[in-house]
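Two complexes are shown next, each including chain A; its partner changes from chain B in the first to chain C in the second.
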Partner chain A sequence: MDDDLPTDFQVIVVGTGMVESIVAAACSRIGKNVLHLDSSDHYGGLWASYNFDGLQKFIKEVNADPKRQLQVYNLIEKWYIEKDSPQDEKKEDDENKTDDTKSEPVKKIWSHASFTAEYRKFNIDMTPKLLFSRGPLVELLISSNIARYAEFRCVTRVLTWLNDKLMPVPCSRADVFATEAVSIVEKRMLMKMLTSIVGYNEEEMNNEFKDWNDKTFKEYLSHKGLTPNLIHYVLFAIAGGTNNMPCLEGVKECKKFLMSLGRYGNTPFLWPMYGSGELPQCFCRLCAVFGGVYCLNRPIDKVETKTVDDKMVVTIDSKSKTLNCDHLVIGINECPKNLISPEPAESCDISKAVFITNGSIMPSEKEPLTLLRFPPLTDDDNAVTVLEVGPATGSCPKGLYVVYFITNKVKDAESDLKPYAEKIFDMSGGDQTQTADKPKCLWSLFYNVKDTSAPVASSADAVHVCSGPDAGLDFDRAVEQAEQIFKKICPGEEFLPRAPDPEEIVFEDDVTHGPEFQREEDDADGDAPKE
Partner chain B sequence: MHGRVKVRTTEEEKARKERERQEKLKIFKYAMQKIQSKRKSSELDKELLELTGKVLSSNPDIYTLWNIRRDILNIFRKNNEADESLSQMFDAELHLTEYCLKINPKSYCAWHQREWVLTTRTDPDWSTELSLCNTYLKLDSRNFHTWDYRRFVVSQCKPPLKVEFDFTTDKLLEDFSNYSAWHYRSKMLVELYPDLEGGRPIEDSHHKHELKMVQSAAFTDPDDTSAWFYQRWLLGAVKTTIRLVTYVIAPKKATFAFSKHVDLSFVRSKTFLLINNQEIVGEWYSCTGNMYDVLWVFKHWASITDALDIKVMYENNDGIKEEILSSKCSNSPYIGRTEIDFERKYSAPVVEELNNQLEACRQLLELEPDSKWTLLTTTVFLHCINSRLNYKEVMENLKTLKNVDKLRAGYYSDLITKWSVEEQLYSDYKSDNRQFKVRFTETMSSLPHLQYYSFCEEVDLSNQNLSSKVLPSLIVLQHCKKLSLANNKLTSLRYFPILDLEELNLKGNELDKNEIELLKTSKNYNIIY
Partner chain C sequence: MEDYKFLFKVVLVGNAGVGKTCLVRRFTQGLFPPGQGATIGVDFMIKTVEVDGEKVKLQIWDTAGQERFRSITQSYYRSAHALILVYDISCQPTFDCLPDWLREIEEYANNKVLRILVGNKTDREDREIPRHIGEDFAQRHGMYFLETSAKEAENVERLFMEIAVELMEQAKCKELPKYDGNLGPINGGVSCRIRFFVYIFLIRKLLQ
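Presenting the complex of A and B:
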């Protein structure tokens, strides 16, 4: 097999993270000859989604050989349930309950064994992220026609933590109308604030905010007469900020949020079905459709740059084969240190956690898909982003929810996030069937990730280093960086022009045509079921 | 290399589309021709059904074709086609309309055809229709055709009204900018929750709840008019009483003025003239000749002399007969008047809610003093809660609104006129004066409640802002002798009504000299110009 692999490419991409995959697709799309490699056996790198078995392997790998996954550390996995399901007890329970609790099905008792049995129904993200409905990634997926490779679900609600409980955030017009959490005058104030932020043109913006450059968003909101409740909603939940958020940044974040409202669902967000890890793969698929060559399980040993005939060429040694290319696009984690110049500054790492629970943090009629924005609980903390996804997103088996926590690291993942988790989960283990206010946490995973999201310059013009995932909510920075890299490799070329649909493609070939398909004479029955 | 990707250029694509279009046009023309000729030769058969179906499925709005299809289906019906096959034909018809509505969800004729099928066939399936409405309203919650059709379906299959009511709640929570949903809601509200004890249209707690709901909508998006409409409807949902406001029994003429337009049967069955305790027989004529009128003339044969005991029995809304006595000064006819009352009769809990909402509006006005919606709503609340107590503030607000909202200045002027006349009526009805003279400072642009002044001998409408279009309404001044319209905006006298005047003042109007002369020759009263 290895012998079949050609050795010369225009572009070689190493790593199948988000940025790398977008660049690979963009290059391939305009006709560049692309080879895309990944050292592991799956797509996505740190952006990947795993089923439960894959996740267990990942955890084992990190714990067994911390040097192999330098980016992930402080990894702690915990079970809150038994190894095996208590089969007999459960049956007894069923019998006892048939009389009085007909309407409510008996809660399933989960165990290690039942997780293992249904491992394929889990899709757990290493880098869970949302898409803004009018954000750059959605626009790119549509304009490039890559959207047909992906499916999305609308985030159904935005929650926040207010007065020691979970509260839905009224963010759309319909929400503001329906909510009973704010008074009638507050409704008007909130709507006025939101519509004015969206409505300001540049001149009005400059006018309104000329004196606010060095002040906080919170100060601005109080100045506008918003009540403490409303300030909480706008500052923490809509702008996703903290008390110190600068005013202009707050306005920008609000605008981004509000501009994405009303396109698909009741909130501005989309969640990719089967996890965020699907998205790099969509771009890889387009790359392959336009002729890109893929090799997984292909670690690289050495990268060298040299000049041949006045042209910079990069050579890669991989599995004792030398591959040549004009441009090397490489994920920061795969990149030899000598190519990075200068060393990226030490930045704030990310604390993450994943929980599997037996119910939603706030049950609702239809299965919810939730974004929860926690304001910092103490002054030293950062704001915490929580995403709760259910079975309808293909993330887990029926009856379970996967909940992601993300924040900027202060101490370590567990101490940063556990206090928040305890607010909304019952983490004491015990009887899963008992009904309580909070869902039971069945399994948890805390870990820290090195923040490699800062753009990094390489020491050679022909080598382009792609950043890792950031702590942000969306993919915007990845899309932006991919476009920049593409523009460097292919100056003047269009970034991911629309890929044609199959019916738009004309096949010009030298084989003789078969008989032409006869179209039925009337178009009228177009949609009617075929006989 | 084969299988190479080559995308059609836009030019190629355009040419291809044009070719397709021409092809379609050819087929369409041919089909239409064939349909016409078959129809001319009365071949109303299955082939024609098929042909029209094919054309309609791409052009659902050719109503002639739907008519033909109904003709055909009717023939099959009359020919005693077997139930099963008839049912199949109707099913196919429903299928076709559904398909057509997918192409044009606002096709009048497709919706009508569907309604026809369901009312014509013997085995209609209403539950399917209701779920069809649900689906269509999910796709477009504001399609009034679907709402209309839904009301039709509901009128046939009669699901619990509460379910329908809750359906509108759901739709409004999704998007309250929906006239159809608010309207449907108002219809069900009075059916579901009438106030049986108090005789009001809506039961207190629900009236309050709706007021709260619509206020929430109005405060969320004041620029959306649908909520304001519903709010106005709610404020107007009070017990309405039609009252006899004044009657005049003169030797020549007897007139009766009502607070609202009423018809002959109403007048005849509720109003009785008694002279010396003797019921007088006579005939009723509306003063305009219209079926509904505010002023009715009673022709009777009794002679009206001095020193009679004249009174009127009037049966009010609650079925109670009121006795309305008359008074008489020398040289004047017998005049009876009832007490003026323009207050809206809300229940105490609703008034409490209105006061709360007024308070919220006032808070908001402090924050947004320039918001016309808030000011208008505040004003309407003030008027509805107690029009007399709040009269001054209401007038001030309306004057402000005229400046803030110039586009609707005329509307505010009319409100000022109407509410000012109402206020003046309270005192005018307390005096025995038979004069009407405008005593408020704002000029009148219309003549509301003029029938209340039908007993007046002298009516002074000078220095107002009246145009010729108000002239017909002067007909209610049946007992007026001296009428002044001096210094107004009259431009023509064409529609001046027939009145038994002695003097008419038309000074200060831009009228045509010839018209004045003509009037002078035809009328036997003094015309000042």
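Presenting the complex of A and C:
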């Protein structure tokens, strides 16, 4: 089937991670002839989301052959529940049962078997990230019209860990009114400081920050007279920093947060429905709509660059076929070593964890979507970012939550993150029906990922290497890098101009009445869509 | 507010060459064959039809060619209300691939999605799949069935009208998978244009 794959393209993109996919879309959008390949059978590479079955396969793959999946290591999966559900619960009528309004006073007892039965309803991210409402990705999605391929949910609250408990961080009008944790005097100080932060401008450094270049953000906040509680909110929850965060970095992070407030919902953040792994696919769809050719399951063997008539061409061997292009855009995890030069500097890896729990870390009336920022619990630790997503985001079946933990690696994922998880989950297994103050952890996965997010230089002008995911909260670096690569390939061209709306080519027809509805098979009605 | 009451997302899948794009074009534009290449940049077509006096907007999504090497994005299937699986009645391999397609559909589409199996190109003399074989297959997999010809405009109107009618019925009995707003806050949330100033303003107010 692959044999009729055309061989000559202007741009070949290998890997369907975020950066690669944005570049593919941008090139195709302005009329370049694009081929987009991935060696695996799904989109996203390290940015993918998996359903429960896919995740199990991924785990097996990593454990079976650690050399093939070089980016992921120290992977530990744990169950805190039984293999099978109790007898009376056994009949999994799947969707019908859990979906509808039938109030279930008794908490469902989950088991390996019930996870497996509902595997499709999980969408678990390898690279969970949020979008700032006024961040570059949201602006790009809107300006390019790619937003129509995705759905988003607003993050409903930002929490932090203060005085050994979870505390909401006020960031909307309702929150500000509701917060008793911040006194009036504190509010005054906070306001003054936030106003100066919003006034911060990198280019024309204003007086306020002139002398803070080599000091920490914390020093600045203390200098401003903020109380310890407020310093905590601003430093850890709003800026996502640590005690050592440089002042200007903290100011920039805060400004980003503040600028994105009030656009959608209560917090500055959006979360993509079905997970972050949907986003690269949206860009791929646009690429395809503008003529890009797609082929998954297509590993490449060899890449060579040569000069023909003063022009650099890249040839790629793939499944005994030779593909040619003027520009090769390739994800770092698919990229042959010889194309990278110089070797990128060793950087700090990332520790990650995913938990599936039977309740929210802080239950609320409506299903919450939470960003929790933990300050480091010890001096050696880094700050930990936690995202809790529920069934309304398409991440898991009803009754469950998926919770992601991300931090910079110190030792290994489990040692780095377990102490934090234990603060907010009951990790002891046991009776799921028990009502306790903490949700039960039903399943967990710890793993480390190589940080491949540093820009990588390639050994040839016609080869463009895309970085992997970073530990940051948003997609900003990916967007920025994609634009840079695009500008190199297509100098002077517009980056993802707005795609036309289908509404602009509407064919309204005055069908007052279609043909009478007569079903082909009357009996097909009875057993229509059922699982 | 636009003047339609219901908006349904309909997606087409099936092997390359079975006539998906032609079916969409025939229905939305009344054209056959559509100029090739003209589809570039077009990603779904919209047509408003009327069912029981109510306007129903059908948003019909084509594969953008990603089916050619079996590389349709999962996100294509998300939030679809109806899914049309197409084969070519004059081409056995396109029928033989149906189980593969079903597997993909099971995996990614909502399991309440309305599924329709369509045998296209009935105008052709060289039929390879007898009608009852297609019918059987559809019945076994809980799908509606229809044979069409995009070329002769045979059953095309009917295909989409039946979908509209059926989805309306489901919508009225609330059996439909629920998606609140098609695109979420980015496209939907026109209302909140207030910025962080509200925040600052409020704090300021509190202080007075």
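Please note the rule applied: the second predicted complex is superposed on the first by the 476 of 531 C-alpha atoms of A that agree within 3 Å, B and C clash if a C-alpha of one lies under 4 Å from a C-alpha of the other, contacts with A are read in each partner's own complex, and residues count from 1 in each chain.
As a convention for this text, contacts are C-beta pairs under 8 Å (C-beta built on N, C-alpha and C of every residue); 3 or more make two chains touch, one makes a residue touch a chain.
Everything numeric in this text was worked out from a predicted model, so none of it was measured.
Visitor: Just checking: does A:481 make contact with chain B only, chain C only, both, or neither of them? Give me first, second, both or neither.
Guide: neither
Visitor: Could you tell me if A:225 is touching chain B, chain C, both of them or neither one (first, second, both, neither)?
Guide: Only chain B; A:225 stays clear of chain C.
Visitor: Residues of chain A touched: more by chain B or chain C?
Guide: C
Visitor: Answer with first, second, both or neither: which of chain B and chain C does A:189 touch in the superposed model?
Guide: first
Visitor: Is A:264 contacted by the first partner chain B, the second partner chain C, both or neither?
Guide: Second partner only.
Visitor: Once the shared chain is lined up, is A:500 touching chain B (first), chain C (second), both, or neither of them?
Guide: A:500: touches chain B and chain C.
Visitor: Just to be sure I read the superposition right, which of the two partners does A:432 touch: chain B = first, chain C = second, or both, or neither?
Guide: neither
Visitor: Output check: A:407 vs chain B and chain C. Expected answer is one of first, second, both, neither. What do you get?
Guide: A:407 contacts neither chain B nor chain C.
Visitor: A:127 in the overlay: touching chain B, chain C, both, or neither? Say first, second, both or neither.
Guide: Neither: A:127 stays clear of chain B and chain C.
Visitor: Please identify the positions on chain A that touch both chain B and chain C, taking each partner from its own complex.
Guide: 173, 176-177, 184, 187-188, 191, 290, 500, 505-509, 511, 521, 523-524, 527-528.
Visitor: Name, in rising order, each residue of chain C that touches chain A in their complex.
Guide: Within the complex, chain C contacts chain A at residues 28-30, 40-51, 59, 64-66, 68-71, 73-76, 78-79, 106-108, 111-115, 135, 138-139, 142-146, 157-158, 160-162, 164-166, 179, 181-187, 189, 192-200, 202-204, 206-207.
Visitor: Please output the residues of chain B touching chain A within their complex, sorted ascending.
Guide: 1-8, 20, 24, 27, 54-55, 57-58, 99, 102, 172-176, 215-217, 219-222, 357, 360, 363-364, 367-368
Visitor: Where on chain A is chain B touching in the complex?
Guide: Chain A residues touching chain B: 173-174, 176-178, 183-185, 187-189, 191-192, 225, 290, 500, 504-511, 521-525, 527-528.
Visitor: Would you mind writing out the residues of chain A in touch with chain C in their complex?
Guide: 1-2, 5, 42-43, 51, 94-95, 120, 138, 141-142, 147-154, 171-173, 176-177, 184, 187-188, 190-191, 194-195, 198, 258-265, 270, 273-274, 278, 281-282, 284-286, 288-291, 293-298, 394, 499-500, 502-503, 505-509, 511-515, 517, 519-521, 523-524, 527-531
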